[in-house]
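Structure first, commentary second.
To keep things simple, chains are lettered A, B, C, D and E as they appear, and every chain counts its residues starting from 1.
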Amino acid sequence: MAFFVFVCAALMILGGAVGVIISQHPVHAALSLILTLFGVAVLYVAQDAHFLAAVQVIVYAGAIVVLFLFVIMLLGVDSAEDLQIEPIPVQRPLAAIVALGIVGVISAAIVQARSTIASGTRSGIDIPTVSGDADGNIRQLARDLFSDHVFAFELTSVLLVVAVVGTVLLARRPDKSGAAS
Amino acid sequence: MTATVALALEPTPVWYLLLAALLFGVGAFGVMIRRNPLIMFMCVELMLNAVNLSFVALARSLGDIGGQTTVFFVMVVAAAEVVVGLGIIVAILRRRPNTTADDMVELKG
Amino acid sequence: MQFPILATLVFAPALGAVAISVLSNRRPEWIKLAAILISVFTGGLSIWVLSAFSTADSGFQFVSKHTWIRPWGISWHLGVDGISLFLVVLTGVLFPLVILGIDPHRDHKRYLAWLLLLEAGMMGSFLSLDLFLFFVFFEIVLVPMYFLIGGWGYDDRVYAATKFFLYTMVGSAFMLVGIISTAVLAKTNGAGHITFDLVELADKVSFAASTGRWLFFAIAIGFAVKVPMFPLHTWLPDAHTQAPTGGSIILAGVMLKLGTYGLLRFGVYLFPEAAHYARPLFLTLAVIGIIYGAIAATMQTDLKRLVAYSSVAHLGFIVLGTFAITTQSISGAVMQNINHGVSTGALFLLVGMIYERRHTRQIAELNGIQKAAPIFAAGFMIVMLSSIGVPGLNGFIGEYLVLTGSFLTARWWTVVAAAGVILAALYLLWAYQRVFHGEPDENNRTFPELKLKEAAVLLPFIGIIVFTGVYPKPMLDRIEPSVKALIAHVSDKTGYVEPTVPTPVTGDEVTP
Amino acid sequence: MLDVVWLIPALPLIGFLTIMVFGRRLGEPRAGYFATAMVGAAFFVTVGVFIDLMSKSAEQREHVKRIFTWVPVGSLHIDLAFLADPLSITMCLFVTGIGSLIHLYAVGYMHGDPRFSKFFLYLNLFAFSMLMLVLGENLLVTFLGWEGVGTCSYFLISFWHERESAATAGKKAFITNRVGDWGVMIAMFLAFQAVGTVSYHGINTAAASGALSTSTATAIAVMLFIGACGKSAQLPLYLWLPDAMEGPTPVSALIHAATMVTAGVFLMTRINPVLHAAATWVPTMIAIVGCATALFAATIAVAQNDIKKVLAYSTVSQLGYMFLAVGSGAYVAAIFHMVTHAFFKALLFLGSGSVIHGMHHEQDMRKMGALRKLMPITAFTFIIGWLAIAGVPPFAGFWSKDEILLFAFAKSPVLYVVGLVTALLTAYYMTRQVIMVFYGKARWHDHSAEHGAHGDFTPHESPKTMLLPLVVLAGLSVVGGALQLPFSRDTKFLEKWLEPVVAIGERNITGSWADDNKYILLAVAVVVALAGIAGSILVYGKQKAKAIEPTILAEGWYYDQGVSKFMGGPGRRGFVGLAWFDKHIIDGAVDGVGKLVRGSAGQIRKTQSGFVRQYASAIGVGVVLLLVWFVVIRGIL
Amino acid sequence: MNTLPGETLQGPHIDWFAISPLLVLLGGGMFLLVAAALTPRWPKGMYATFCATVAAAATAVSMVLWHKVSIHGPRLLVGNALSLDHFTLFITIIICVAVLLVSLVTDDYLRREKLDGPEVYGLFLMAAIGGVVMAGANDLIVLFLGLEVLSISLYVLAASHRRRSESQESGIKYFVLGGFSSAFFLYGIALLYGATGSTNYTRILATFNDTVPVVRKDALVLAGVALLIVGLAFKVGAVPFHFWTPDVYQGAPTPVTAFMASIGKVAAFAALLRVLLFVLPHWRDDWRPAIWVLAVITLVVGSTLAVVQTNVKRMLAYSSISHAGFILIGVEAAGHRAGNPSAGTGLSSAMLYLPLYAVMVIGTFAVVTVVSRTGDDATDLGAFRGLGRSKPALALGMTVLLLAQAGVPLTSGFIAKFGVLEAALDEHSYAITVIAMLSAVIAAFLYLRIMISMWVADPEVGDEQREAVRVPVGSAITIMAAVGFTLFVGVVPGWVISVSKHASQVLQK
């Protein structure tokens, strides 16, 4: 069963990912992205990360992709990109080599280290099982977040402030009124 | 017979990690070949998702909730990035609609 | 505590440069006056050092030493000995003459400020007894010189200045690596702690032969560029040709000496074994430089370029003497440093005067000047003869000592090098003939005679040329003890034995 | 009186300095007289020293006067010191003596020259240098003079520097001399290394005592001989001397006949113990070079038409004689011939100067002729000089030349025969000259048009200041031979006088066939001289035979052209090649590095294409490489 | 249902004073943004003054903390997320001073460009927080967040000149590449986490201390290290991760470039040093060669490419790359004995380089800001032509700064280079030092070109019509301070060397 879920999700993920990179139209790409994100969310669930799965769906698929679509629609940048043409020579083979290299080497590293990544071997903390209470995950997460990672958590607030301020700054019209008028 | 075996197979964290690596590679590949800046962002999101997937798998394998916490942070970062990135893109596209990444080569050399 | 006279030699011009740069540009005569006063003061001080210098002491005198950068073992360590003494004096004397005698035509303030800064740098270089401190000064002089060439030079000045700066920097790059490595390696080779102190390094530290050689070569490259030795010389003709007259005089007069002085002080003294090991190479390059520079000089069509190439040849003698490592040769080399500074400085001065008058340095465009301006020609002739090395003038004594000394340890090199004196006559006389002899044409007929002010600047040069040539003893007396100490140091460290000559039979016993 | 030996060079130096400062104010002719007076005073001091020296016994005729320590470094200790001994004082005597005469002559000769005082400035400086040369106690002081006279020679040859040829000739003289100076310098280095000093006393003592090894002595001797070749215009370095005739005639007389060019002979004599200690081939080589030069120059002189060029080649030839003497071990004979030659050659030069003066600076003998009537005193004295050089007894030249031939015979009959042939030629070309200038048809009428300014042009006799020296020198040329008469030991005054100096090197030919039959040889010499004269009279006087003046001789066997061609051709090309090498290879490498950096930067910057995707892939490549390093190389392998 | 009423979350203890620099920066930034949003436009220069004041206050508290740490020793804060030690404070002070200096320059720039507003200063302060966090992070996640705070601020700042398309282009390029490299960095964290079970420095180190002998060839760790290096190398602008640098430096508003070049680089290097030396000393033999190669190609490419540029900002961008190469030499030298108590001087020399470089580069870009004139366009070499005549003092200041960048003695640049070289030579890394010095010579050419333009170049037609260069007070203060510091350190460097040495000790255990 787990295997089946994994394969399905993996297909979703990879299919979506491929969709993103081969869609000529940005809207299609965004929709493909949603597919991937859902696939990931499924795997989160499979890995007992229920809270994250929820956030994944809500924030990512819900907010971020919508934001993308919104921008696409807003700006009307819906012209298709002709993927037959590659203006930069050797870019694609190079990209392929790079991508394959990254995947290959990292995979090799993972495979080489597979013994140390045994399933749950170093466990000390109680990990809720699939059958367990989904609530436990959120609780643990919260405990961790507000104890060990409380500083990081606070730091995200700074990050969000930056994002807000940045957007304000960028979104200001390049006005004639300017500033020092 | 085969199906039974397949069903009996439990996906180990290694599988997840390999899947994540593959996803990461696809994302990276996308960044390198797509010209539409929006899609490039999407590809970056793919890469971040791949990392997240790894974190979750590792968290589970290690029995450590910290990995999941990290994913949470990454999501925040991704959100912030997207906001800012889209802000920049909007600023650019508002002036010059349908600009692709390849059109922005004023600065070079 | 005694009066820090050596530090004053460095700081007076440096502060002078600062003072001048804050003076108002509206009163150029005050600026000039200030520059003259400062440089004359420094020059006077250097002469005071000369007079107070004790011939009995072969070590460093007027030493001042203070910790500067403690974490790196760097100290402000100044001192003067027979090897550096006259370079200091030469620096002290040349600058006032240049400031007095040469009009930069524009932007006096900056020109003078740079010049004084240059003087401070030169003084510092010759006085430093700390590798780091030396390097600081050695590098810092590039900046004012760069601006002097670039700002007040001739048509191709930017190219020349840039070439000068970068070429020298390449040398310095190796040198810096060498210096730091020396200090770092000294920690485990005798010094016990990191130190850049020259005397301490020379006395306490003994490197393994191969280490010492590498260090020596790294440092020597920097000096070889500065000298410049063949084949690292091509920056010099460009720099000289494009530099303003004052810059050329300083460049030839003192700045090139940084290289030869450095080879002696930071090469032979600091790495005796390596210097001894590298002798064949340096002797060969020196001799090639002598012959090559002379031949190249012969074929120049630009008077300044010709003099520049002659410097390559002359400095070859100094390097020859340095690496022959005998009392005579090194004394001669030290002396030739000064002689070349004076003679070539004066030659550049005169070529500058020609340019002032005719706005050309092309030999082909000049002729018959001796007829138009005989006194000027006479001045040129004396300086030229000094440069050729005619006995009775200073150039000869140095060359002779170098060759005599070198003959003891480097016979065949010396035999070839001595042929350089033939070539020296060839290129200079040929140039003289083309420029001064003959019937002047339309443009040269009205060549103005030497002016009183110019004569006043030229006279000290000629005075030194003649005096040193006739009576070099006072100078040699001051040089010799330090040279002997240096050779003793070399012998001490390497087991090198200076060749001795038989005790001669004097003719005196026959005299009734 | 011996202690004031320093005054001898000091007086001309004072003259030099005074004229340098006040020359223009003194003006003509006071500057000239002042200079003459200074050299004259030096002559009197020399005479005083000479008398003082005479009064001492032969062993004590050596006095060193130290002025100050000149170059003291370590074991090298060189004083500025003067050595008064028979040799140096002999030299001084005729240098100052003839020098003052020529100074006097020049007052007349240089009349009206705009640079009159400067001429005497140089002359005095020359006298000073020459005296330093001969009085030097060590090689270095001699070298000071040696280079000094070379420099003065340069100044004086190119005195009329507006003439291209004069300027070039001066330069040529200086540079050719420098080639020789190279040898002297090497010799000094060798001496210092081997003996620890460059003083003559030290060197000669070492050579005499055997402390100087044969090889070192050989090297020193050869090197000094190279120097002597340069200064004394021997093959192959004689080139500069004929060209040096571009200078004013007094200069030719003083420097290029009487004094400077003999410095080589002087030096060889000075170090005769070293020559003695050297390998035996060294003197032989010197004799051969001298002999060859003598013959070579004599053949060239036969075909010259320039009045001074004839004398110049004659000088080269006579100097060859002196070296023949040196090589044969006849130092006294060499000095003897030097002295007599100084008398008659100075006389001849001054005479020719007088002719040139009278001819308004015409030097081509083909445009002269029949001048003896118009310039009687000049002609008379010139003829005496002619007889002296031709070797007609009892004039001075006869005795000295004969002495040399005697020694040459003792050395090798071949040398003797060549010497004789040279003597024949000498008599021949000198007679030719006398006939062309003073006898025959007056050919200057034809060319009076060239001297348009004068319109009616007549050669005239010279002023008294010029004639007086002629007369004095003529007298000396007549009686000069008395210094050293071959009849007995008692008549050999010079030999006795110089004995302390040359005792070691002088070859003893007593008992040889040549010595025993010296009167036969004497007679042969006379016959040869007369034959030469007769032959010449036949050709040029009676015009019985056609003159043999092949171009090859007129052009000096094309040696000069050959050298010039080499210098201007391959030599110059070599220089140009080196300059090219410097500019394009050495400097080209430097600029090349710059170009390379810029060029490669230009290539690399293309990767900075502006395409953000390409940047990303560059990062990707970096990532892959790092991953390969870390994971594959460090991790898995 | 399943609630556990008794469970209360025990948060970690927080020493508020220990994180006061961050609080000051944050509080100041928030106050500025909020207050400015609520009040009408502030008088001229007030935003900048406020920002500078905040930075100064942060500097001041950092100094107080320095003193405290000297007494009580270093410690970890807020659940081991941050470490309070001299290293952190050293970097904090550099960053705060840099903010102070840059904000003075920015003030006039913004008004000249008619862009005035509080947001830029707010972002400066936020970015500074990011930088400080990067330096002080004791957890890879914190490091990542700090990095993102800094980066995102910089993306925005780079794109903030709304009328210049170059600015926006640089923003988007920086953003895309930054996001791309962050992903690698994050992946690196993930792999390291997978291998060690934690993201906390202390715990990672402890894991290695236990297990290194056994799992020496742990490919997962190595892959993680590689990717961490990628992320940080991107930030410091090391070749081949440097491609963004010239484009972004050129396109961004000049004061922002100054900000990036100083604070961005300082923070990234601080993080790199801490991660490599404190967290991964056991892997030093693995990462040191990689750093060596990075340093060499960074040096060579940076200085070589600088030679052919004609835009001063671009030149300086390449020069900053070659400076990064120099600092990497220090890192490499430190790598020889990382984790060794008798560590060499590599770390301290790299740390010494940071403040000296930061001040130099701010000063230089301050001059460029002033010279670039209205529109921020006049940044090619020609714009500097004749500066020596029209503004001699400014030109002289620029000359000093350029000479310092070239490493001429008696300037701080020389001291910085000297320190790095000494450290490298102390480890017998001769080849790299020679390469470094030779590329310094090549780089010197570009500084000379700017100097030539200022002092030597002949005037050209049209020069008269150019807008005159104005040197407003704020920029003047910054330039003077930078020049003064450059010279002062050049002459009296002992104290800053000692301080950096002292601050480096905490990482050398």
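By definition in this document, a contact is a pair of C-beta atoms (placed from the backbone, for glycine too) under 8 Å apart; a residue touches a chain by one contact, two chains touch by 3 or more.
Remember, predicted model here, so these are calculated numbers, not experimental data.
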item: If a chain touches chain B and chain C alike, it appears here; value: D, E
item: Two chains joined by the most C-beta pairs in contact, as defined above; value: A-B
item: Closest chain to global C-alpha mean, per-chain Cα centroids; value: C
item: Far-end chain from chain C, centres as C-alpha averages; value: A
item: Euclidean distance of C-alpha centroids - chain A vs chain D, Å; value: 100
item: Centroid spacing, where centroids are CA-atom means, of chain D and chain E in whole angstrom; value: 78
item: Distance from chain E to chain C - Cα centre to Cα centre, in angstrom; value: 44
item: Between chain E and chain B, distance of the C-alpha-averaged centres to the nearest whole Å; value: 27
item: Multi-partner residues of chain B (each touching 2 or more other chains); value: 17, 24, 27-28, 31-35, 40-41, 58, 61-62, 64, 66, 69, 73, 77, 80-81, 84, 87-89, 91, 95, 101-102, 104, 106-109
item: Of all residues in chain D, the ones touching two or more other chains; value: 605, 608-614, 616-617, 620-621, 623, 627, 631, 635-636
item: Sites on chain C at which at least two other chains make contact; value: none
item: Which pairs of chains touch, using the document's own definition; value: A-B, A-D, A-E, B-D, B-E, C-D, C-E, D-E
item: Residue numbers on chain A that touch chain E, as the complex places them; value: 105-106, 108-110, 112-113, 116-117, 122, 133, 135, 142-143, 146-152, 155-156, 158-159, 161-163, 165-166, 168-170, 172-174, 178-181
item: Residues of chain E touching chain A in the complex; value: 2, 9-12, 26, 29-30, 33, 41, 44, 77-82, 110-111, 114-117, 119-120, 122-123, 126-127, 129-130, 133, 139, 141-142, 145-146, 148-149, 152-153, 155-156, 159-160, 162-163, 187, 191, 194-195, 197, 200, 215, 217-220, 222-223
item: Chain B-touching residues of chain D, taken from the complex the two chains share; value: 605, 608-613, 616-617, 620
item: Residue ranges of chain E touching chain B (in the complex, touch as defined); value: 141, 144-145, 148, 152, 155-156, 159, 162, 165-166, 168-173, 175-176, 179-180, 182-183, 186-187, 189-191, 193-194, 197-199, 246-248, 250-251, 308-309, 314
item: Residues of chain D touching chain A in the complex; value: 609, 611, 613-614, 617, 620-621, 623-624, 627-628, 631-632, 635-636
